[in-house]
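Common to both upcoming complexes is chain A, partnered first by chain B, then by chain C.
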Partner chain A sequence: MNSPYIAARGLGKSFGGKPVLADVSFTVEPGDVVGVLGKNGAGKTTLLELVLGFTPATAGSVQLFGYDSYRLPGKAKARVGFVPQQDELVNQLTAADQIGVIASFYPKWDDELVGRLSREWEVDLNQRVKNMSVGQRQKLSILVGLGHRPDVLILDEPVASLDPVARRQFLEQIIEVAADGNRSVVFSSHIVSDVERLASKIWILKDRRMYWQGDFDSLKDSVVRLHVRATSPLPASLEIPNALRLERNGTTAAAIVQGWHAQAQEALAQGLGAELEIEQLTLEEIFLELHR
Partner chain B sequence: MKAIARLIYTYFTGTPLLRFITLAGLVAGIGGAALNLYLPPLTGGSGNPARFSLAQEAVIFLLPVAGLLCFVFGPSLLPAMFARLASSHHLYVLPHGRTKLLASALATVALTALFAAAIVTLYYYKTPLVLDLIFERAFAVSFVTTSFLYVVLWLTGKGGAIGLLVGSFVMVATLVLPLRFIAIPSTSLAMPWTAGALLWTIFATGFLLAPRLDAPLGRLRQTLSELTGSTYRGGGEIDFLIGTARPWTLAAGQIVPIAIATYVMSRASWAPVAWVFFLTIISVTTGAVASLAATRGRALWLRARWTRAELFHRVENAFWRYNCYTLGVLLLLLVGIGDSLALPTRALAFGMGLLALGTALSTYIGLTVTARIGWRDAALAVIVMLALMRTAVHVSSPATPTTTIVAYEIGLAALSLIVRELARRRWGRLDWMLCRPDTAVRASA
Partner chain C sequence: MFVLKPHSGVPIYRQLLEQIRRMAASGQLPPGTELPSIRELALAHAINPMTVSKVYTLLEAEGVLERNRGKPMTVAKPKRAQVPAAKRLEQLEPHLEQLVLAARQLELAEDDVVKALHEAWEKTDEQPVHRRTRPR
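Let's look at the complex of A and B:
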């Protein structure tokens, strides 16, 4: 079995004594496409920056390709790509020069890929960066992060400035290109539908901790909406184990249950003397319920 | 190596204008030096028949100098690009990014100095001077001054009072060092080499260790901020938003570069009147803080009920309050230096007026920056700077008639009023869409 590209254990970060991330552990295996979800201030950017070694962890450790990410050697850096939330391009240069400058740092650069994507994304390589629209700059920023075909590509809200049509097509292409075979992608986004569509693994950050991690199917099976229909009024003291929220209305009730499993259904139905119906939620619904 | 070469190439050719300047510098520098070498001008003056007309000889004579100047300004993208890459997240993930970026800056400075030294040496090739020594002196002085020049551009480009303060300190050194070694050729080269090595060592150490220094520097900034108190006090909203809340930082900070310049200039036995010249330059630098006013004023426009014209008057008043501190310190220093070095009373009196005019002009030029800086703005700034320098020379020279100095200072006062009117009009039709932070930062640089 391949060793994980990224492995974090008990990772934590504080700023001025105030914790922004605590006790986070995870791994990213070759081929994983990880979507990171969380409310504003949940610690998404901090987590990605810790993975990339921009800042030292105040607790635990994170390793990238087996190296301490804060002391990443050059050969490991050549295998990482990063697209920041706000582009960091040089305004005075043309897009071609910007790509050329960044390309010169890497031993290998896929000119064919960058050329093809720039045509498909309609990025004018002769245009000066300062004259580009926000969306064009973001596309260029991604080209710069992709060109060396990194084994791990980390994107911090990469498509926030694109319109929905461009976003959908564009993100799919990034994943296709960046996550082929043994390459991995970790991306954070506020757009839950993008994560649902593209990610093979989901991390949900809540209250500075890794609240949930795993594949989307497991999450959908784990967090469900439960409809209870009884022939007589349900008791006022009705309790459903692991319910995040419970609404009762005479003979019916609806609950959002976390940690649901098939065996629980039969036991609960018998206990309540009611008919149970399980409704699976979309990722957006799950996300909203978890943060309610 | 590939990355370093690419970065150097981009510094020189990143924009069409820089490509032109660099190419012009190469052609004029090499071509001019070759012409001087093979078709030496001014042969008529040495008893030989003249080959060219006087105008042609002047062109041949000045061509290498023009080429040299062009080549020095060719890599003008270096400070801006260095600053952008240095502050980006890319530098953390680019393989050996920090080292390569630093090496590219050092190599660019060395390349520029090498070109300058080669041109100067070729220039003097047919003279009886010792060429090795000329090359060595020219290289050492060019290397140090170019290094300091780029550090100034980088620091001032970062914006903020501290950047300007350190920039003004470095600028004094930039002006003092080469003049000293040009003026006194017998001076040892140990000092410029030491200054250059020290500058690069400090810069490289700070730059390479920046990721490690982030946390302790953050704590230091926090402590300093706690010590100096809050920049915001009730009723001081304008000062807080446009950055004039702490006038003492810049005013007191001027003392450091001036103290260092005092040391250097006293060792070089400079005439005391040179002080008027240097203090005038410092007054211009400190006034440049105003170039960020329009961008910062955006926040005021959104929150207050003032018209654009009213906003201009309030910002103008805030900057004059701010400038009173910096100008006050400069005037006190001039009086103190003048008293201790027995500066002529006339130079002292007109010098004080000139400092006030320098501050006023630079403040109003700063306030004219309400959009991307164009060639007209750049030309105006250069003209004002040259006019101030010229006046400073006249003020310092005992041979200049008083009426000439008065005429110059009245001319500068009139120019201040014209530039103020220009700034007022620009603020009156200020387009906040065109007034963006990056524009202002470039302008301050």
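Let's look at the complex of A and C:
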């Protein structure tokens, strides 16, 4: 059994006594691709910055490769890649010089990979950063995050400014990293369909806490829409266990149920004296339902 | 080769699992057919390689696929000549339930739905499912 790359326990952060993240625990194993979802202000960026050790935790702990993230030794730092929401590129440099500066921090740098991707992604290496479009800057920012072939790649809203073609190219690169099986990716995104394609694990942050975490497929199987059809009007007191929301309309009702088990269907149908249909939801629908 | 819709509500692994199972059962993927590598399939559909790997492993356990050392996975020989039609029809049940539910909600007559199903059937006869290619 490999030890996890990232392990957090009771992790929390407050600024001036005001909590921005509270009591978060998780692990990231080699090979995991974690999609981080949450509304603006839910604490996604804070969480990623704590993992990276950019800021000290005010409660609990987070470890990266077995070291306290905030006191990460250089050799462990070399195994992490980060693509921030706001790029940290230097305006005066050309793309080639920018890559050179970043590459100089790392003992191992994959020139072949960076060269190939900059051609495929059409990043002009001679252009100065300040003359680049937002999308070009984002591509360059991703390139310099990948160049040292990190074991843990952390991306905060990496695709917000990319067009659909560039987004697909980016996804393919993440697949290459994931196909390795020994590297991990943690990425936050509002583009739920990308998370749906790539993530093997999902973290949903809500109100500064970890609201749901687990295997992506089990999330899809556990949050469903239940359609109830009876022959006589359903009682006003109709109750469905674990329903987040219930709409009753004469002889029919629809409910969003959390923690659904397929085995529960028959017993519930008998209890209600009604027919039940299960409808599976898209990740976007699940996300919206959990935030109503 | 497969039609995967990440946004359909059905988990991607289950879509892929059911398609391979159906195509193997019907003979659209005859025994011995080589499947794409995990990486190829993941890249072609921009999905997580672990999803593909999970499906291949499940289908291997079911005896639908065979793992070959250092070579691509292949469709296994079915234990008998072919899975009986009744058994194959069982796999269609969830889809039929969905269709009937939608039809009832739209207050359509059974005859009209059967007719529409028939027409849809005819249409795909002209372009067999397994030969339809998907634009990237």
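Heads up, the rule we're going with is that the second predicted complex is superposed on the first by the 285 of 292 C-alpha atoms of A that agree within 3 Å, B and C clash if a C-alpha of one lies under 4 Å from a C-alpha of the other, contacts with A are read in each partner's own complex, and residues count from 1 in each chain.
Keep this in mind: a contact is a pair of C-beta atoms (placed from the backbone, for glycine too) under 8 Å apart; a residue touches a chain by one contact, two chains touch by 3 or more.
Quick caveat: nothing in here was measured; it's all calculated off a predicted structure.
*Asks:* A:Lys220 in the overlay: touching chain B, chain C, both, or neither? Say first, second, both or neither.
*Replies:* It touches chain C, and chain B stays clear.
*Asks:* Let me test your reading of the model: by the given contact rule, A:Gly100 touches which partner, first (chain B), second (chain C), both or neither?
*Replies:* first
*Asks:* Touching A:Gly147, do we find chain B (first), chain C (second), both, or neither?
*Replies:* Touch partners of A:Gly147: none, neither chain B nor chain C.
*Asks:* Output check: A:Phe54 vs chain B and chain C. Expected answer is one of first, second, both, neither. What do you get?
*Replies:* In the superposed model, A:Phe54 contacts chain B only, not chain C.
*Asks:* In their complex, what parts of chain A are in touch with chain B?
*Replies:* Residue list for chain A touching chain B: 16, 49, 52-56, 72, 74-75, 77-78, 80-82, 84, 88, 90-93, 97, 100-107, 130, 144.
*Asks:* Can you list the residues on chain A that touch chain C in the complex?
*Replies:* Chain A reaches chain C through residues 31, 33, 168, 171-172, 175-176, 178-179, 181, 193, 196-200, 216-217, 220-221, 227, 277, 279-282, 284-285.
*Asks:* Give the list of chain C residues in touch with chain A in this complex.
*Replies:* That would be residues 6-14, 38-39, 42-43, 45-51, 97, 101 of chain C.
*Asks:* Under the touch definition given earlier, write down the residues of chain B that touch chain A in their complex.
*Replies:* 2-3, 5-7, 10, 14-15, 77, 80-81, 84-85, 87-90, 92-97, 100, 211, 214-215, 222, 438
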